[in-house]
Each structure stands twice: as structure tokens, then as C-alpha cells.
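As C-alpha cells, here come the structures.
In what comes next, subunit A is part of two complexes: it sits with subunit B in the first one and with subunit C in the second one.
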Partner chain A sequence: MPDNDKRYTEHAENTEKHGKQKRKIHAIPLLPCFPCTNYFFRLLLYPLLAAPLGVFILYAFSQGWFFPAPFPETWTSAPFARVLSDPRTLSSLRDSLLIAFAVSLLSLVIGYPAARALGLRQFRGRQVVWLLLYLPTVVPPLAIGMGLNILFLQIGLAGTIPGIVLAHLVPTLPYVTFTLAGAFARYDEAYEFQAWVLGASASRTLFTVTLPMLAPSLAVAALFAFLISWSQYLLTLLIGSGRVITLPVLLFSAASGGNPVTIAALALVFLAPPALVIATTIRAPRDLSHNL
Partner chain B sequence: MRDRLIFSPWLALAPALTIIVLLLGASLAYGIAQSLGAISVIGQETLSPRAYADLFSGQGIAGREFWGSLGFSLWVSLASTLVSAFLALLVAFWASNSRLDTLALNSNLAFPHMIWAIGLLLLLSQSGLLARWAASLELISMPAEFPVLVRDKYGIGIILSYIGKEVPFLALLVISVLRTQPEGYQLVAENLGASRWQRIRYVTLPMVAPALLSGSLLAFAYIFSAYEVPALLGVNYPRMLPVLALRFFNDPDLSARADGMAISLVITVITLLVAWASIRRGEQHAGQ
Partner chain C sequence: MSRYIKTMTQVNLLNLTKRYPNQPAPVLKDFSLCVENGELVALLGPSGSGKSTLLKLITGIERPDAGDVQFDSVSILTLPPSQRGAVFMFQKSYLFPFLSVEENIGFGLKVKRAPRDEICREVGRMLDLIGLPGIEKRKPSQLSGGEQQRVALARALVTRPKLLLLDEPLSSLDTEVRLNLQEAIRVIQRELGITTILVTHDLGEAMAMSDRMALLLKGEIVAAGKPEALFHRPPSLAAAQFMGVSTFLNGRKAAGSLVTPWGALQITCVETSPSTTYAIRPEHIRLEKEPATNALPGKVTDCVFRGEYIEYQVAMGGLSVRARMPMPAPTFPHGEPVFVKLPREQLFEVAG
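Right, the complex of A and B next:
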């Protein structure tokens, strides 16, 4: 695999600059672009993108919404409050948050040194490392979960939160490592050297020079890890053995045969973190798409 | 800090690599062992390729459904990918100049596939929102008259759900290529008298094709191996391969685990081949 450096830099540029990039406007539009076709296109696209989310809001705040009525007749937050105060929802919410925070923290701590080596060093076998770290992003979670199921049963990790955290590291580590490797590819070690020359200790250099300079990428990487772990269903199901019920597991079982109001309310709770991420960063990277 | 050079990069890579290699390796090893019938829980330790023989010859409970499921999986994955790629091109051509549009497409990516599938379930089922609207417009008089669009035997619901997620993914891929494309090409083509259609056909399409193909292969690999969407939006028969695999893996009869595991490994092999093709494509694209 040639051009690893190029790949990292490109990747980094995509994640970093995406927001600031000055957009190039085509001098000649590609499709007939009268204002009306543009508005028509948006009129079509935006509702389609928002439809599944709009439907959750309609159902979650409805009461006694019977068949032919196009909209709920009474709006109420009662079903939403009921779902939110259900002990099963609360415990799944707690487990989901605990797992996702632990996974993001661990992925950062483990991914950081790996990313530093990949981004700053040239060494033999670098491409093999790249390939090994890339593998978990394409091996189906189905195969990973089914394979680990028995092993984790034997070593006592099945059905435990540490077991699930460990399993979630498989899909999150590659993303965190590659994101940070991209940041390191643009990072100049001379700043650390300068701090060292001026007499700063290693930990002071880390906390006052390195980490602040990498802060944006660290935040993006942590968000990646959090979202991937938060939306993980199959790995949690197969490793949790039905004993750890996270929010997606609860939502999935509700969707397989629950009532629409409960499903919609749970879905809205489940959606809160991704929605928050969109509201704050406004640039959910496309690399994430197939791991949520 | 130069002294850090004496540390081998392998030391820094060790924790990450250990976790990935150990867990991936173990899951693969255990998976292969179980597919060959080594299931220590029921005391069976002898290895035999029985599960694979059953699958490929179409015998046994799992085997009878295997080829049909494979066909159904291929149909759903291919249809979703092709329609998505086509729509993505249209969306990209329209949206490539607007930051608002790319923002809207981007926001779609942060939502899990499962959420999208559940949204469609509430939207398209026979007592769903669209059916209610159709009824209040007096197009239908009762829920059963609404067409079966989710949990249907052709996989329409599954395909629609994937299209909703893959179009933004692929469109953004195409848009990112379009944005780096120098305007000069378009101007030269225009100067040489190319019509709008000719510019798209001979200038733009060849430019975005490698990225679109690479992305489409990735989308195909994902759809082919994902479980949640077909499990939520599919029917009991025909089932996509991942649903079939998990069904036999969870069978109370533990000897059926071998069949489930074998199906999952078949899925993995196909997925990895397609993903590999996608990487190769991506490299050619990067090399240009």
C-alpha cells in the first residue's frame, strides 16, 4: 500500500479543514440550475433526510392517536416522561453512557502512542500495522461477536461491562488511531524539543505543549469513539449475553414488537448524543457512516 | 526529545496492536473451530467440515435456506448500492455548490442505521404515518390497503432504508471530489463547444467514477454483512445471510452453532474480498 503518508495527510485535511475550507464555485453549473429547480431539489431532499426523525417526534408526544387521523389529536409529554422514568430505560442509559465513556477514554489512551508512532515515524512494517488496524473496520461485527462469544464465556467476560468495553475497542481503536495519526502527520516535534531545551519536564511538555496543540483532533477522535460505542448493537448483544442491556439493545427489542409511542420515545433518547454532536461540530465525518 | 528515537515504534504500537490482533485473531480462530464442529460445551471435539458441506450442497436445515438467502442478500445489497450510487450522483451535482446542502447530508451520517430503519418502520408500515395520511386523503379506507413496504418478502423496506443512509454517504464522497476538481476542465470543455451533457459525460463522470466505485464497493460490503436493518425490516423468509447466521448461532440445539458460524465466515470472506477491491480502487483513485 503506497502513499500512506499521503493518505494520512489527506484524511487529516478532510477532517480538519472541512469546515474552514473555502469552497470553490463551479463557473458553469453541472445541471440546469435555475433557482426554482434548486429550491425544488431542496424541497425534496430535506424532508426525505428529516422524515424518519420527524416521525419519532410525532409519535413520542402523541396520545390516543388512532388510525385515520393524520396527526395526533392531543399532544402530551406523558408517554415520554413514562419511558424516561422507566427503570429499564434508566439502567440501560446508565450502562450505555458508562460503556461509551470508558471506551472513548481507553481508545484515546491506547490509540495515542500508536498514532504518534504511525504519524511521526518511518519504520519497517508500517504498512502491515496500517493493514492490521484497518481490518476491524471491514470485518463484520457479526463475525467478531460470534467468535468472541465463547471465548468471553470461558474467561468470564461475557455478560460484563468490562467485556463489552473490550469488545467495543475493536471497532473504535482504528478510527481513533487513524484520526490522531493524521494530526501527528502535520505536527512538528520541534515544539517539544524547544520546550525540552527550555527545561520543561516530559509531563509538563505533554500537558502544556503536545496535548493543547492536538486538542481539536483529540476531541474529534473521542467523539468518534463515543458515537461508535454508543450505537453498537450486535457486539453488545453477543458479548452481553442478554445480561447487559444497553440503550440500542432495549430499543431494538422494543422495535421488534413494542408500541410505536414507546419506540419513538426511546429512539429520541438514543438520538440525543448524535444530535448533540451535529449541533456542536456540524461536520460528522463520513468515515463514521458504516460503524454506527 | 530526540532521545525518544531510541524507543522502538513497536513499543508505542504494542497496546493497540495487541488488542486488535488478539481479539480479531481469537474471534477468527474460535469462529473457524466452531464452524468445524468443535463446541466444547457439548463435549464435541472432533473436527469435520460437515457444516460447510451442508451449506454448499444445500442440505440440512441451514443448507436448505443458504442459497436462497445468499441470492436475497446479493439482491438487496446490489439493488441498494446501485440505486444509491445513481441518486448520489444526482444529489452531488445539485448540492455541490451549497454548504447548507452538504451540512444536511452530513447530519444524516451521524445517525445509526438502526435509527433510520426504525424511523422507516413507523413511517411506512400499514398503520404508519404515510398510511394515515393516505387514509385521511381517502386514498385507502383501511390499513391493509396500504402497500406492504416494510417487512415485505422482496426486501423493499431494507433497500429503502439503506438507500436513505448510503445516498448521503456516497453523495458527500462525490462532492468532495467535485470540490477539488479544477474549474479549468469545465471551462476548456465549454470552450471546445461541449454541451452540458457532454461535460458531465466526458469530464465530470470520469473524474468522480473511481471514488464513487470505491465508495459503492464499501457500501456493498457493509450492506451485505450488516444485521440490524434486515432483522428489523425483513420477513422470516427469505432472510438475509447475517440474519440466518445469527438465527442458527442462537439455536437451542447447539450443533446448529456450527452452521451459524460457517455462514458468518462465508459472509466475512465475501465482505473482505469486496472491501479489498474497494481499497484497490481507492488507491488507483489516490494515484491519479
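Right, the complex of A and C next:
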């Protein structure tokens, strides 16, 4: 691992040095047969990716769209508004947001020390810790969920939001820890030493130096945790025991209900927060990135 | 600068020992050094000689296994790094990239909850001191390497530290910038009268900047003293090698002369130990065409033109002697037989 880290740092330095050249390489088309291949490739790819979204929008904002008609007869936001004002949608949206934010925060709090140790320190059993952290990504979630359910039933966490938050930490922690460990491998503790000798306490150094320095990576890690928690269906269902209805659970039951308008509107609601988060953070790292 | 309160600090490092786990030899062995108030002491040593570890022990980033660090005869080992009043400056500036120059310099004062107008005033004064007024609002990434180091110095000094630690602060800079900054740091250090320890592997830098020098090898001080004294008469073989001496003559003493395998040489001091080593600085060696007193025969094997001097390598038996002849110097072609003159008063004895 130390060799890997070193290579990573060297690579980062090289990229910094030859930034311009690297960027040029990125501009080379994916299939360099014709100059316009890249353009056609995109022309096919983007509609393919956008198609399901388009169908959702068509369904959610229309009325009376039946088989032979190529497009809906009337355009209206009524079905979307109806689904959105449904108290069940609102409460599931609130629970989903609450759980996802709590999971993001807790993942950072728990993942930070682990990542710091893995990224900055050499210690006996480091490889074993990496392996243990990888495990949740390999073990089937159903097995984890069943086991946790039995445990949580005994200690009274089953069917509660804290229980679900804890369960969601299982799949989010590996991603958060890996992302932050990578950031720490490129990090230089001497920034903290500087803050200390200038009179800053350990906690002050954390908040005024370390966290701002790592802000881009922290944002990416939090985003991972948020998205994983947000789209979590199985663990929520198993631990929530039907008492906590998050958006994915509601969407699943709607999907089995078979009303395409409701499904489409719910799917759009489900898509909105991640889309919003990605849209805002996609620019953030560029603003926050420093010459580390 | 009259308003700058001069901090009086004598620093005492007593028998410091530090060993890292999984390493057989300790990084520092029973290391003792006293730095007087306002003095600049340079620690000269190759990488891995324990220089940086020493600074970490003084600032409290690492704990020593044994020994004590005292400021004005009071142990500071129990204090956390933030309360020791020892600041450092590294090869890299480590300016906080997300803060402006002003915020960087003011960091130490802000942490101490100084009023805003005082921070502003002190930052302005520091920028004047380092010769970069008016760059308050810039980001570190907009500064050159030399400017970054100057700002790092200002950030370290604004808190009025008891001790300034410089860890190879100039080794990543271009020669010209480096020489300028050497002078600037020296002037500021004298002006503020701040006790300073400079760690470097550059002999020229150590000599140009320090009041006193200590040569460090494998965690131990090999020799210490004034730069001039150490340069001209290094006491030991290791110290002499440090100071750029490469000619060592082993021999036996007999009645005011040194009998070497290459011939007998007149020497000044006569001591009792019969077999001994004498050394001479490369710039004191002269090459002659004709035989002379204290001249041994040899053959020129290499010649490098260095501008201010020409450097010759002369093979003398199995020994290769380096001689620096200041310009203008006589030219000797490759393979020319010459006489290597070792002036009697420039030969000095070195201990094993």
C-alpha cells in the first residue's frame, strides 16, 4: 500500500506539472476513426440515457395518454401536483431526506478517523482493516439485512429511523472511507503542525485547517453516502419492518400498483434531490480545489 | 521595529534521545545543545542525520524517549505544541491555500483572539518587514516560491515566538532568490533578536547565516563551533569531510615532520601521538612545476574550470588529491607530472 500511495502522489504531481498536456489527451475522441465519430457517439448515447427520464416527464405532466396517440392529449401538472401533495409522499420524502442526511453526516464522522489512519499511517494489520472495510461491498445486502433485523428486533431498533440509519451505514462506510483515505494519502500533516505551533488547539486545527483543506473530498464522500442511502430499498424494508416508509419503498409499492402516472411522478420526486446535489457539487470541487 | 518586544530566550536541549519503532538505531542519541538568547545556530547534516526529528521534539510534535527541552531553564516538555512558543518554517511554505496572505499571517493572532485592528496592524507591519507590502489580499497560489517563503516567515514571526526553527527553508528556491532570502532572514532575525535554529544540508547556507554551527551525523554532534573556526580547522576526520576537505595524509611523526608513504612533510605542531592523520583544505594546495619544500610528486588526472577557480585532481601514488587554484591559475595539461605543494602552516591534524 505505501508504494501505491507514493505512486498516487507522484501521479498527482505529474498531472499538476503537465496539466495542459493531460487535458489535451482527454480531448481525443473515444473512437478515432472519423473526426466526427465522437459527435455521433454522443448523439446516440445521450438520448439513450435521457429516454427513461423523458417518458417519466411525459407521464407526470399529462392526461389521457392512450395507446394509439403518439403524444398525450392535454398537458397539465395536475397528476404531479396530486402525487406531490399526497401526505404519504411528503412524509416519505421527509424520512428519506432525514435518513440520507443523517447517514452522510455519520459516515463522515465515523469514516474520517478510519480514513486518516489508513491514509497517513503504517501499522500492523493495515491490510486486514482494508479487507474488513471492503467486506460490506461483497457480502449480499440481504444477508446483512436479515442479520441486522434479528439483532435490531432484540434491542428495539427495528422499525425506527435510527435503526435504518445504522443499517445504511453498512454500505456507505466503505465508499466514504475509501474516498477520504485517498484524500489523506495526498494530504500533508505539516499543515496541521503549522497550525499547532502558531497556537491553535487540536480541535481548532481540525475545523480551521484540516476540514477546509479536505473540503472537496469530504463533499464527494458525503455525496456518495447520500446517494447510497437515498436509493437504499432492501435494507430500509428489512429494518423498517414496514413502519418506516421511505421514498424508494413507496415507489416500489407504487410500481407494483401499476399506475404509470403515479410511478412517473414519484420517480421524478425520487430523482430530484440527487440531481440537485450532483448539479451543485459538480462545480464545487473546482472552486474548492487548491494547489495542495 | 522598536515596538517589537524582544523575547529573551535561551534554549537548552539536554541529552535528547529518540528512537522510532521498527528502527534499530536511534535517530538522536544523547543530543545536547545550548542556544543562547538571540543566537542563530545552524545544524548541518546529511538527510537522515536526525535534524528534522530534533525540530519535532522541540515543537512537541514528537515526544523524546529521554532528555529535556528547556526554555530559559524551564522544561517545556509537558506543554502542548500550541503553547510552547516555538514556530517553524519548512522547505515548503505550507501556507493555508484557502486563506489570503493577510489571513495566513494573521492566523496565529486570530487563534489567540487578538482584536481585529491589532491583527490588521501587525499584518501590515510584518509585510513591510519581509519587504512585500500591499499583497494582503492575494492567495498563496498567486505568489512565487520566494514570496511564499517570505510570507511563511512573516506568519511564523507575527506571534512573537520564543524560538524560530528553520527546516531547510530555502532549499527549493533558485540560487538568486535563495541568496536574497538568506540575507533577508538573517537581517530580520538580528533585528528581532530572535533565538533561531536553522537546519540545513548546505554548507554555504549554514556558514552564511549562523553565529555558530553544529555538525550532525547519525544523531550525534560531530563538531560545533564558529563557522570560521570549523571551516579552517575542523577537529575530526568526519567534521573535515563535512567542511569540504578531501585530502587526508596518514603518517608517522618524527622531529617536526610527518613521514607519509609519499614522502616527508614539515608540520607545525608537534604532539606525542606517533601515528596520525593530517588534512589540508583544497584551496590551500598549490601545484608547482619544480620541486619545492613540502611538495610531493604527482600527476594531473583531471581539470575542471569553475570560473573563480580551477579544480585539479592529482594522482599521488594511490591517493587522489583535489586542489583548487584561484584564477588566474597556471594551466597543467592532463597527465602532466607536477609537484603538489602542501604549505606547512596549512596542514592540520585531525582526530580519527
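Note that the second predicted complex is superposed on the first by the 240 of 292 C-alpha atoms of A that agree within 3 Å, B and C clash if a C-alpha of one lies under 4 Å from a C-alpha of the other, contacts with A are read in each partner's own complex, and residues count from 1 in each chain.
Heads up, the rule we're going with is that a residue touches a chain if its C-beta (ideal position, glycine included) is under 8 Å from a C-beta of that chain, and two chains touch if they have at least 3 such contacts.
What you see is a predicted model; the values in this text were computed from it and never measured.
Asker: Between subunit B (first) and subunit C (second), which does A:Trp196 come into contact with in this model arrangement: first, second, both, or neither?
Answerer: both
Asker: Is A:Ala114 contacted by the first partner subunit B, the second partner subunit C, both or neither?
Answerer: Only subunit B; A:Ala114 stays clear of subunit C.
Asker: Pick one for A:Leu45: touches subunit B only (first), subunit C only (second), both, or neither.
Answerer: first
Asker: Looking at A:Leu84, would you say it contacts subunit B, subunit C, both, or neither? Reply first, second, both or neither.
Answerer: neither
Asker: Of the two partner chains, subunit B (first) and subunit C (second), which one does A:Ala143 touch, if any: first, second, both, or neither?
Answerer: Only subunit B; A:Ala143 stays clear of subunit C.
Asker: With the two complexes superposed on chain A, say which partner A:Leu105 touches: subunit B (first), subunit C (second), both, or neither.
Answerer: In the superposed model, A:Leu105 contacts neither subunit B nor subunit C.
Asker: Quick one: is A:Pro70 in contact with subunit B, with subunit C, with both, or with neither? Answer first, second, both or neither.
Answerer: In the superposed model, A:Pro70 contacts subunit B only, not subunit C.
Asker: Report the partner of subunit A that touches more of its residues: subunit B or subunit C.
Answerer: Comparing subunit B with subunit C, the partner touching more subunit A residues is B.
Asker: Have a look at where A:Leu97 lands relative to subunit B and subunit C in the superposition and call it first, second, both or neither.
Answerer: neither
Asker: For subunit A, what residues appear in both contact lists, the one with subunit B and the one with subunit C?
Answerer: 193, 196, 288, 290, 292
Asker: Which of the residues in subunit A end up touching subunit B in this complex?
Answerer: It is residues 1-3, 6-7, 10, 14, 21, 23-33, 37-38, 41-42, 45-46, 48-49, 51-53, 55-56, 58-59, 67-70, 110-111, 113-114, 116-118, 121, 123, 126, 129, 132-136, 138-151, 166-167, 169-170, 173-174, 177, 189, 192-193, 196, 205, 227, 231, 233-234, 248, 251-252, 255-256, 260, 263-264, 267, 270-271, 274-275, 277-278, 282-286, 288-290, 292 of subunit A that touch subunit B.
Asker: Would you tell me which residues of subunit A are touching subunit C in their complex?
Answerer: Residues in contact with subunit C: 188, 190-191, 193-201, 204, 209, 212-213, 215, 288, 290-292.
Asker: Could you pull out which subunit C residues touch subunit A in their complex?
Answerer: 59-61, 80-84, 86-88, 90, 92, 94, 96-98, 107-108, 111-112, 140-141, 155-156, 159, 161
Asker: Touching residues of subunit B toward subunit A in the complex: what are they?
Answerer: Interface residues on the subunit B side: 1-2, 8-13, 15-17, 19-21, 23-24, 26-31, 34, 39-41, 90-91, 93-99, 101, 103-123, 127-129, 131-133, 135-136, 142-143, 164-165, 168-169, 172-173, 176, 178-179, 183, 186-187, 190, 196, 199-200, 204, 218-219, 221-222, 225-228, 231-232, 242, 245-246, 249, 260-261, 264-265, 267-268, 271-272, 275, 279, 283, 286-287.
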